[in-house]
Amino acid sequence: MSLIYVLDILGTFAFAISGALVASDKKFDLFGVLIIAFVTAVGGGMLRDVLINAHPINWIGDLNYLFVIFAAVVFTFLFKSKIAHLSKTMFLFDTVGISVFTLLGLEKGLSYDLHPIIALIMGMISAVFGGVLRDVLTNKIPLIFQKEIYASACLAGGISYLVLSYVHMPENIIFIISAAIIIIIRVVAVKFELELPKIKDDLFTKS
Amino acid sequence: MSLIYVLDILGTFAFAISGALVASDKKFDLFGVLIIAFVTAVGGGMLRDVLINAHPINWIGDLNYLFVIFAAVVFTFLFKSKIAHLSKTMFLFDTVGISVFTLLGLEKGLSYDLHPIIALIMGMISAVFGGVLRDVLTNKIPLIFQKEIYASACLAGGISYLVLSYVHMPENIIFIISAAIIIIIRVVAVKFELELPKIKDDLFTKS
Amino acid sequence: MSLIYVLDILGTFAFAISGALVASDKKFDLFGVLIIAFVTAVGGGMLRDVLINAHPINWIGDLNYLFVIFAAVVFTFLFKSKIAHLSKTMFLFDTVGISVFTLLGLEKGLSYDLHPIIALIMGMISAVFGGVLRDVLTNKIPLIFQKEIYASACLAGGISYLVLSYVHMPENIIFIISAAIIIIIRVVAVKFELELPKIKDDLFTKS
């Protein structure tokens, strides 16, 4: 079992908990909580695999995802009030998860002979779409469209991965550097509350 | 034409009417009503088939689904005020539909050599996801995440099917027993207003 | 590069701008605007290709879609206040786009040996579903379910295409006539504010 697989599982666990927390805040029942935890954790990889025709798709091909999600829901059920005190740990898991999801998704895209730009988008879909699905199913406008900068962090890490691949560095080193870029950008962005620009009505007249 | 196929069609009819009623309450036009009836009736099987790569997917491989949905919309258009008096009949059709959708979805999963747990999930997706899509498209939080117990009924029936399969009972008997379990649980749950537990903030401190 | 391809690209550009405008009205950041422009422009063809198992799907098989969408977002970013004055031009592009999307989707369905009715639905999905996805992701009830008559225009144009194909007219002529039907119906419908009927509670008692 490789380190990257362990990080993938940790990220899945963190994503599932984030989904379970949102769902329980919305007063969903146990089944609803399970579904939201599930789509949050594996929704991104699932969409990627359907789009690139990679069957069996992620959670069908590896049952461990289901077990981890189930464990995350049980964990949330038992320790909900404690998790609030673990928010920094959760944020770390979540951020590691995002970085691993992005790079594994990108690698999967490349392994299917997709154009690097398409593979990059597949990496971002893997990292981002689970949260989008979670928000759509809980009837909210996806957070990531408005404030979260983490798509940009994924983009930067993905580009780093592609660029470093051209200079023939060892794959492990490329993975670690690119994951570090994603993690650092996200941590810095959250710490300093950085946001992406928005389209303003008067941008043209100002410039 | 087997009995199960007839029940599948009846269930599709009932699901389509339930979608058409929701859409007409939202003042959708005829096209909108058709779409919502359509996704409610075949959305679950459609998602299942896309996820397990079963092409042609349900309504592409069998035009009868479209004809039944169309008939259901015409029926709703003509008799909307009468359908209110048929709510018990509709509930019966709907419940039979859920049980058949669950077991047919489960069987399809097994026929694609999926792990029994995955096949079980495919059965539940077949039964549940049409209603989820209906609610997302009409901008509501899916009902099933909050109150409806029928996912649990589907789960119980699906597990029954898998367990009975191990003891080599005739397939028809297995199907009937499992469908009966789903129908009975749902009827009892609705009659006694049973709900699944929710995650409470203080669960841990209480226990 | 055929004329139809140029129209397809123009339509994609118009759809992407319509998505970008909606997203910027919702105060989405640059990433959110890109995503909404993307799903509005290629969401319909993407769903069609997933449903009929046509891989690589539209934007994976032809990178030009991505470039056009990116250009449309930059264009919207720079000229948002000017686009308001171009609403007639935009409406024209959009309407041409709808007609081309419908007929190309229909042709693709036929080329995959689908039943004409299924191919017709694929044409409509191609034209309509991008806007539905845009509305779902911005947490609105899809416009097309309530007021827009353009699905009916697509249906009429698609039926025209199928009927004319039976009389062995040259394909270009069929395409042009059917596209014209879609464009004319939509323009007339918008001009005269035509709407589809809705299901009324008392339809049966009245008739």
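Which chain is which? They are A, B and C, in the order written, and residues in each are numbered from 1.
Here, a contact is a pair of C-beta atoms (placed from the backbone, for glycine too) under 8 Å apart; a residue touches a chain by one contact, two chains touch by 3 or more.
In UniProt terms the chains read A, B, C = Trimeric intracellular cation channel family protein.
Just so it is clear, the structure is predicted and the values come from calculations on it, not from any experiment.
**Student:** For the sequence-identical pair chain A and chain B, determine the rotation angle of the Cα superposition and round it to the nearest 5 degrees.
**Tutor:** 120
**Student:** Examine where the copies chain A and chain C touch and state whether the two sides share over half of their residue numbers (same) or under half (different).
**Tutor:** Different-residue interface.
**Student:** Quick check: how many Å separate the C-alpha centres of chain A and chain C?
**Tutor:** Spacing between the chain centres: roughly 30 Å.
**Student:** Among the residues of chain C, pick out those that touch two or more other chains and give their numbers.
**Tutor:** 50, 53, 136, 139
**Student:** In their shared complex, at which residues does chain A touch chain C?
**Tutor:** Listed in rising order, the residues of chain A that touch chain C are 50-53, 114-115, 117-118, 121, 132, 136, 139-142, 144-147, 151-152, 195-205.
**Student:** Could you pull out which chain A residues touch chain B in their complex?
**Tutor:** Residues 20, 23-24, 26-33, 35-36, 46, 50, 53, 55-57, 60, 63, 66, 76-82, 136-139 of chain A touch chain B in their complex.
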